[in-house]
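So that you can tell them apart, the chains are marked A, B, C and D in the order they are listed, and the count of residues begins at 1 in each.
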Amino acid sequence: MPRVELSPKDIAIKKPYLDWGLTEYEYDRFRTKLGRLPNYTEIGLASGMWSEHCAYKYSKPVLKQFWTKNERVLMGPGEGAGVIDIGSGKAVVFKAESHNHPSAVEPYEGAATGVGGIIRDIFSIGAEPVALLDSLAFGELDEAHTQHLLDQIVAGIGGYGNAIGIPTIGGETNFDPTYARNPLVNAMCIGVMDKDAIQRGRAAGVGNAIIYVGAKTGRDGINGASFASAEFSDAEQADRAAVQVGDPFMEKLLTDACLEVTRDHQEALVGMQDMGAAGLISSSVEMADKADAGMTINLDLIPQRESGMIPFEIMLSESQERMLLCVAAGHEQEIIDVFQKYDLDAVVCGQVTAGHRYQLTFKNETVCDVPVSLLTSDAPVYHQKGQRPARLDQPATDFAPEITDLHDTWLRLLGQPTIASKKSIYRRYDAQVKTNTVVTPGSDAGVIRVRGTKSALAATTDSNGRYLYLDPERGGALIVAEAARNLVASGTEPIGITDCLNYGDPTKPEIFYELEESAHGITAACKALNTPVISGNVSLYNETNGIAIYPTPMIGMVGLTEDLHSITTLDFKRPGDLVYLLGRTGADFNGTELQKLLTGGIAGRLFDFDLDEEVTVQKLALNAIRRGFVTAAHDLSVGGFAAALSEMALAGQLGADLQWDVPASYAFAESAGRFLMTVPAAKQAEFEALLGSRARLLGKVTAADQLHIQMQDADVQLTMAELTQAYEEGIPCRMK
Amino acid sequence: MKAAVLSFPGSNCDQDLLWALSDIAGIPADLVPASATDLSGYDLVCVPGGFSYGDYLRSGAIANFAPVMAALKKHAANGGLVLGICNGFQILCEAGLLPGALQFNESLNFICESEPLTVVNTNTAFSGDYQPDETIHLPIAHGEGNYYADPETLAAIEAKQQVVFRYAANPNGSLNDIAGLTNAAGNVLGMMPHPERAVETLLGGRDGLAMFTALKKQMEGAAYATRRA
Amino acid sequence: MYKARIYVNYKPSVLDPKAEVIKNTLARTGQDNVQSVLYGKYFELELAAADKDAAAKQVDNICDQMLANVNMETYRFDIVEEARA
Amino acid sequence: MYKARIYVNYKPSVLDPKAEVIKNTLARTGQDNVQSVLYGKYFELELAAADKDAAAKQVDNICDQMLANVNMETYRFDIVEEARA
């Protein structure tokens, strides 16, 4: 049964838009601003463009507070991705995107198309995509459903990234019951380009051509938020796929062709944008909007994979691997020839027009004629009022763990999936294709060299919903600080962030409070660490049966070093090196992995966090690395000292003999602003002079096959075999 | 002396190989598209890793239908050197230039890892700069690297000492731990591990370099021989 | 003993990049008389069951839960009774 | 117009890891009455040809050269004539 397009009057009466995610108020707003009853296509376009994904109608007021500019930022949020100057005439481009919902429905393809989408954002700026990262969160790994999701999501990420040939250099994988039915799948892509070749998604210049490039448009992906299933007969439903299938082969060709266009046809190319959420409509109308222009598109010219598609479907399809270009009039064939060389469809489908109207024709009829602004800047913005959740005002009493068997607790903690080795995950990603990867997954950050320079870029993704659940603001700041700590430990200076804001339903005041407060925390830390937000993405409504996930902003951060020698990894290098702990450790146990392990959940007031002190320690740590005092460095975060020390020993296959005059439980505290570092004896004096009281000498790296740590109330020996078993088997043994 | 690096739609290690040959090993090399029909003038033809044509049917299967394959087969038949790495190995098997086939890894998962290999045959144009039975470490990155050949074929391969590299800790289920082997004539080598990813200390090791230095010597010698003749 | 022959295919609205590549390659090698390509999976299961209906019920369940991804694939099967070997 | 229905399977001597996984999973979920699993590929080609023999010859060639790797796979097909649409 073909879709029936209701008449404007019937739309007003039958209100199909309610099923597409538009409210009664929004329909009225659209109609009033338009000055007449919208037709089926027009109101359909509104449902896509006025969705949270395109209009940020709930999150805009929050995102406004982000700090987005410093002297290095060449382009901030607003385009496909942000751009930062990295010297030597080069710039780094990066962005992250969430694909939580598609991955919950269809884990392999959902994750794969998430990767495909973020890659397009990067090359649409004109940058060569050089690295990928991911950030994953799942429920408890003992559940068969979680095992299936993990296996398939990882397969999907690898399936796309490996095939297209972009190395996945890092990521994170967290486990907590809060994500059991709502996994988080965030992907980040990094690109490198000449800084004077930045491309924007603009459709300027009356008479210039709009060119559609890439895969044909099908009916896949249009029954998301805006396309209610109630409208289909069962037979149609059976034929209709809820998800798209990614085609990395096509995207590889698309990447190469688009980069060739930006490189060799600068004078012909006016603007370029990928077709992401809300497909053709969002890319085209945003390009017109950014250039303050009008546009007309002839839908008969859009390459279509299926017959009988109506304008609504063509415009809102989220078929993958498609791009939209604006090309100077007269240069159309020149550009089409480039794409044809790569066996890709490229067709002129529209023009930039004078005035500000957005017009669509279909079978010689005008099916949409609205002001550009009606679909863009006229979208509603809601100023929600947050309400502080009660749990924050009545925190449980502080968790005060008593460690009776340090040996046993240590090994059990090390084997927790959130702490344990992620090797079984990242070994399924090609980390080295393009032969730039200096540090592969397994250390604090992935590091790639920048070809043609002496520089390297480090990158990390970090999140911790537990901290934010206990304190959204402080947790938000903590997570930015942790990301920066990872980059510093790798010997690079943090230069900027991207984010994915994964939250529940923003119309609930308590959820909105979490969103707003965490943005405060993120902003404070970004300013203190000099890491502006240059791009990002919002994923709301992460709820199951009305229960939201923990507020989980994901921070993707990039660091820079102009000296390859400063790159540092976490593995112990040589017996005899001195082991130092930087920063202060307190009785900080609320929200920790230890609390989760011993009590089954998290509760209490999140521990204090001194942002200024964090900045100071990070500066000192980076300074020490740059001056060549440090042979290995590792930040302390989830799992605290115990996790970090074990990782250093395991990675270097060397032991250590240490004394630390604090209670045994402190081995698991997650106090911020700390690093473990090893220093050759010859550098001891210089190192100590630089660090002063902020570094405490604990002992030495040894050739022994074990860690020996003497603490105030415990003396523990852990053999390499025990540590390996706990750490390496933590995830695989639960996957069986 | 000149090398060609073939580039199929979907190849993604072509630039890496080009870099290893020309910038690191000092072997002049060109990127040659799959649409080319002539490979004369090249002493060595390299078939790089990646996912040619998406590897959607079977890895390497569609690449066999590219125009350049006729020229590659001719080059090989004339005794020219051919090196296939990863997807290149798969393509050479599909094209019948090497015996056997590459199946899904036993675990069914893609594996990216540094693997210890034993160089079991140093009497080839590709491996002369390694020590007999030397252990080297090369990265692997593949989902379909599980070498299979029927029993007779396998016996013939072993009898003629065509195996050049064996895995020290078989990661993918390959029969006889085969990581790389030549054709009977010895001028065509296919291997799943990536020597081109192991030519710089900065990137974690240089165990792959000896393959390229051996090839360079071989080609220099050959070029000298041709000049004399 | 029953034998189930199961066919799993993408739904028509799903782009199948695999079939596309095969079709294009055939065309490129002069075989453009091949006008459509469908690329699916084929399974054969042998199973013991009380009767054909029971076998069908179990197979249907296996298809739905495991062999096909019903978000984007459809399946069909037939079942034949086999003589015991 | 002819339609070819093509089945490609591993040779019996080749262990198919994918089929093994399915069989083991079935056994693990209590369905050990499933005694064998074969996992193959299934293609449908529609092609114009002078007659059925010509179609069969071309399809056989496509299978041998492209759709199957005869080192480890076997194929079979049947061809039916289709009414023009």
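Brief remarks follow.
Following the convention adopted for this analysis, a residue touches a chain if its C-beta (ideal position, glycine included) is under 8 Å from a C-beta of that chain, and two chains touch if they have at least 3 such contacts.
Keep in mind it's a predicted model, so treat the numbers as computed, not measured.
Chain pairs A-C and B-C differ in how many C-beta pairs are in contact, and the one with more is A-C. Separating the CA-averaged centres of chain B and chain C is a span of 36 Å. The mean-CA centres of chain C and chain D are about 10 angstrom from one another, to the nearest whole unit.
Separation between the centroids of chain B and chain D, computed from CA atoms only, is 30 Å. Touching two or more other chains at once are residues 66-67 of chain D.
Within chain A, the positions touching two or more other chains are listed as 247, 249-250, 343. Each of residues 53-54, 56-57, 62, 65 in chain B touches at least two other chains. This structure has the following touching chain pairs: A-B, A-C, B-C, B-D, C-D. Of all residues in chain B, those touching chain A in their complex are 9-10, 12-13, 15-16, 19-20, 49-51, 53-56, 109-113, 139, 141, 143, 194, 196-197, 200, 202-204.
Against chain D, in their complex, chain B makes its touches with residues 57-58, 61-62, 64-65, 93-94, 99-101, 103-108, 146, 148-150, 173. Residues of chain C that touch chain D in their complex: 1, 7, 9, 22, 25-26, 31, 33-49, 58, 62, 66-67.
Within the complex formed with chain C, the chain A residues making contact are 105-106, 109, 215-216, 218-220, 238-245, 247, 249-250, 305-306, 319-320, 343. Chain A meets chain B in the complex at residues 155, 158-159, 162-165, 247-250, 252-253, 342-343, 426-438, 440, 449, 564.
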